[in-house]
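Presented sequentially are two complexes of subunit A, the first with subunit B as partner and the second with subunit C.
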Partner chain A sequence: MSIPKRRRRELRASFLMTAPFLFIFIVFFLYPTFSVIALSFTDAPLIGEGQWIGLDNYAKLLNDRLFYTSLWNNLYFVLLTVIPTTVIALLIALAVSRLKGRMQALVLTLFFLPYVLPVSVVTMIWAWMLDFQFGILQPLIAAITGKPVPVFKNPYWVMPMIAVVTIWWTNGFNVLLLIAGLRNIPPDLYEAAALDGATPWQRFWRVTWPLLWPITALVLTLQLILQLKLFDQVYLLSNGGPFNQSYVVLMQMYREAFQLNNGGYASAIAMVLFLFIVIVSVLQFQLLRIGGRK
Partner chain B sequence: MTVKRARDLAFSGIVLIAAAIWIFPLYWALTTSLRSENRIVSDAGVIIDELNFSAYLSVLSNSKLPMWYFNSVGTSLIITVIVLVTGMMCAYALSQLRFPGCKLLYLVVVASFMVPVPALYVAQFVLMSDLNLVNTWWGIILPQLIVPVVVIVYKQFFDAIPREMREAVLLDGGGEFTLLFKLYLPLNWGITAALAIITFISAWNNFFWPFLIATSENMMTIPVGITQVNDSFGVAYARMMALALLAAAPVIIGYLVFQKRVTEAVMISAGVKG
Partner chain C sequence: MKDAGVHLRGIKKSFGAIDVIRGVDMDIQRGQFAVFVGPSGCGKSTLLRMIAGLEDTSDGQIAIGDRDVTHEDPADRGVAMVFQSYALYPHLSVYENMAFSLRLAKRPKAEVDEKVREAAGILQLVEHLDKKPAQLSGGQRQRVAIGRAIVRAPEVFLFDEPLSNLDAELRVQMRLELARLHKALGATMIYVTHDQVEAMTLADTIFVLQGGYVQQSGAPLDLYDDPSNRFVAGFIGSPSMNFLDATVSGHGDNGVTATLTGQPDISFDIPLVDKPAHGARIALGMRPEHLQVTEGQGLRVTVDVAEELGGVSYQHGTLDGGEPVIFQQTGARHGMHGTIQTVTPDPGRIFVFDAEGDRIR
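And then the complex of A and B:
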């Protein structure tokens, strides 16, 4: 008699405790997930009903040159950020982990601080740093190219400079993860390697690199996912221009939905991004598995 | 030994210089914000040699910054409280209770990491408009309540607590809610604080969603509001930098005060994502 009663109480408690989270999760996450899929098969405006049009939106996407531009720019941005930020973060992490005590804390704080800033603060500061007339970095640019460059209005400079700003902003996160990874490497492995007469170079490639690989792979995939979702910095620094050179997938989704009132088409664009990121996330597990076997 | 010490010192010096260069943009923003507009365009000394707060005063009185602070603080606090309370209850059930569908629920929560949230913004906007919540606090808040990492982190910490500790509370006639709030939560104040801080910071910093849903200046949060001032100030470098720093001050101060918690939370939540 007492066991079913206890069980009943457990079930009641389970329901009461999961209900608030489940309610929010279903209404504001699962439902929108399914409705964005459904919307992508309709010609709905942003607000209001639409007709079922099957795969027409996707067919239209295949012929949309602007969409290819967006995809290409996303890819270009990934190339400009993911590996460079991981390499920079690794160098910083290796340097910081060699420091001790207060010095280490101070240096880590300085490298991490930009990560907690709101994106619009970051873009305002860099717009000022790179200001065409009075930017403090313009003399540097002039020294390289011979003249000042309005970087966010220049089709060649725009993406690399947004990449620089993004790396500056988000790099602290990667540094932190890599430092955590370095701390988990048992020090006696380095002592053993030193006893065997390994050079610092060999110690890095034979000890640090393989043992750090799971974290490095994590950083790489988290960055890949993050950078595919590029929108804020582009919107704030160049608004997709000049000549669509910084137009990216989420920019196109935003314009289609909120400026051109094409909710259905915007949803189809969102679905492509969705698909890309799900694929990357699934590959992430594979990558980590392969790394683990080495 | 002294050679090694000298080399260590030189190495520290080089790393410190690199860190100083890294943080320079923030320092330069501070320097600029403390100068008069005339001096900014006439000379570009790097040292802070003027403490002119007129840009700050001007920004505080001529923009809706106080209003945006209020919106940001309010929405971020509500988000943090709801995310933590619902997350810890759900995590407790997943960790300590057996109920039909618990494995499925856990799987769905883990799988939800894969969904890129901005891809849902169109559908979420439509939903908010159906609920008449466009341009309201709740419109800003509701879609930001989905933070599955909180559930997963809490579950891991609850899993680690020995089950024998439950018996004492159960013998005293306490129920599951007593267990959660009198035993599991007090044992996990550290991680609760850490999760609260990063949830708050990410809500405070969120740009894209509030930018879509807050359509009037009075509803905007800090990161969205300050981009509006951009247009109305014209050329005003000191004021722009004062505005940027005022917008960033709460998170900078929060980070410096709770540094250990922030880094702890970042590491724990990222470890889960892996």
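And then the complex of A and C:
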């Protein structure tokens, strides 16, 4: 008698406690998601109804040269950021974790600071630093290449430079994750390894690296998802140019939706990118797990 | 025969402004089982880690065999250490944990396999070789940690409270296994513990550390029978020795008469060679097991707590002046709780200490 009553009370309480989240989740996430899926099968403009056209949008997308260019640029950007940022974050984390107390907190804060800045400020800072005429980094570039380079207007420089800006901006978070992972490794393991005769190099590869691997895999996966969603930096720094060399999928979606008023087609682009991210990140995570287990 | 003992000369260690070890000399002979005991925070672990090379030495010299290793790397000292936390590599199997040092040294596969299997045989770990440390019980993990040390065939084994994470029964069992292992390997072993029984049963030599110095060292029973100061007398033996303040009230031919402070009616005749002056304040030490219940004159103890352990019981009480006293009873159940008992020390079993805590013999 009393048990179902208690259960009912518990259910009511749990529903009441999750309700605010459920409401926001449904209104601002689930409903728009389903709307986008539905929209992608129509020829609707951005606002207003459209005709059901089945898979036409997707068929059109598969023949869209610009889409392939964008996708390729996305992959190029992933290549430029994901592994480099993880390696850099790991090196910084290893160095910072050797510092003690206040000094460590201070240095960590310095590395984390850029992450706090909004993207518009980040891009503004770098646009100034790399300005063709008065940017303070131009002498450095001139010293290496022989002449100043308008980096965001140069088809070869644009993507790597956006990658540099992105790494500078987001690296602090990865450092933080990796530091937390390093702190979780008990110090007596290093002492045992030292007694066993491990050189610092062996200590890293045989103790630190395998024990840090779950965190490294997490960082790699989070980075992959984040960098595939690249938009803001490109929009603010190069607007996709020059010659579409920095044109990415979300850029194309933005243009179709908000400049050309093709709501249906833009939805299809969003859906394809979504599926692409899901497949690639699940694939990567599985690969990393297998890599960690062997 | 090559000397492979451990020899410390004038060892000092400070952490910043705190002097933890202030000057320690010790000689541990080849094949000996040495035990460090002392109160928490006295620097036992620190001293052990200095011998291992995990902690820098502030001053003094450490020699293993005839090599001065004071500034050598841990790996080059020929020591292996078993940590209280086990410090097993969680991502490696039991086999790989034990093989770790050999793999680092790039030993041939056959040799690695032979040594690991031999150690696993000694420690009864053969069926567990493929498991990860997380799948083992506490005692098994401890054995893996010991196995990792054995595989390296070091000259000196170092143990830092290796059994303190185990339950009482397993502790007794592992203690016996350690004693057997020591016999079988014949290696020098240095062992840190809090546990009186471990120290008394395992040690060839006990080093009592306190205040940054070795207070006394020697065979377990020598420390028990003949402590050289009040600290050692109180530390060795469980429950610990009773100390009563007294004054020298008379000199005899071969001893003194001591009267308890605050209880002028109770005095003892104690044989002493080195007699303190008349009126000197001294402390009398009596072990609980050397106090006998008597019908005649003696210490009147009001018993307030009785710990009955079956075979023996410990009666905790106070004297008229309020000083706490423990005495031991064997055999029969006495139900002494709440009663007043008169006890008297066995003759010749009273230890005398001066005001500084040094033994007067």
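Brief remarks follow.
What we mean here is this: the second predicted complex is superposed on the first by the 267 of 294 C-alpha atoms of A that agree within 3 Å, B and C clash if a C-alpha of one lies under 4 Å from a C-alpha of the other, contacts with A are read in each partner's own complex, and residues count from 1 in each chain.
Here, a contact is a pair of C-beta atoms (placed from the backbone, for glycine too) under 8 Å apart; a residue touches a chain by one contact, two chains touch by 3 or more.
Keep in mind the model is a prediction, meaning the values are calculated, not measured.
For the composite obtained by overlaying on subunit A, subunit B and subunit C can both be accommodated side by side without a clash. When the two structures are aligned on the shared chain, A:Leu99 is found in touch with subunit B, with no touch to subunit C. Taking Cα centres throughout, subunit A sits at the apex of an angle toward subunit B and subunit C that amounts to 80 degrees, reported as a multiple of 10. Residue contacts after overlaying the shared chain place A:Gln202 against subunit C, while subunit B stays out of touching range. Look at A:Pro210: by the touch rule set out above, it reaches subunit C but stays clear of subunit B. When the two structures are aligned on the shared chain, A:Leu189 is found in touch with subunit C, with no touch to subunit B. Put simply, more of the residues of subunit A are touched by B, taking subunit B and subunit C as the two choices. In the superposition on chain A, contact is made by A:Trp128 with subunit B only, not with subunit C.
Superposition on the common chain places the nearest Cα atoms of subunit B and subunit C 7 Å from each other.
Across the superposed pair, subunit B and subunit C touch subunit A at no common residue. Residues 186, 188-189, 191-198, 202, 206-207, 210-211 of subunit A are the ones that touch subunit C when the two sit in their complex.
Residues 52-54, 73-75, 79-81, 83, 85, 87, 89-91, 100-101, 104-105, 148, 152 of subunit C are the ones that touch subunit A when the two sit in their complex.
Against subunit B, the residues of subunit A that register as touching in their complex are 9-11, 13-18, 20-22, 24-25, 27-33, 35-36, 39, 46-47, 92, 95-96, 98-99, 103, 106-114, 116-121, 124-126, 128-129, 131, 133-134, 136, 168, 173, 176-177, 180, 214-215, 218, 222, 225, 228-229, 231-232, 236, 250, 253-254, 257-258, 263, 266-267, 270-271, 273-274, 277-278, 281-282, 288. Here subunit B touches subunit A in the complex through residues 11-12, 15-16, 18-20, 22-23, 25-26, 28-29, 32, 40-41, 44, 82, 85-87, 89-90, 92-94, 97-99, 102, 105, 108-109, 112-116, 118-127, 129, 142-143, 145-146, 151, 175-177, 180, 201, 204-205, 207-208, 212, 222-224, 226-227, 230, 237, 240-241, 243-245, 247-248, 251-252, 254-256, 259, 262-263, 266-267, 270-271, 273-274, going by the rule given at the top.
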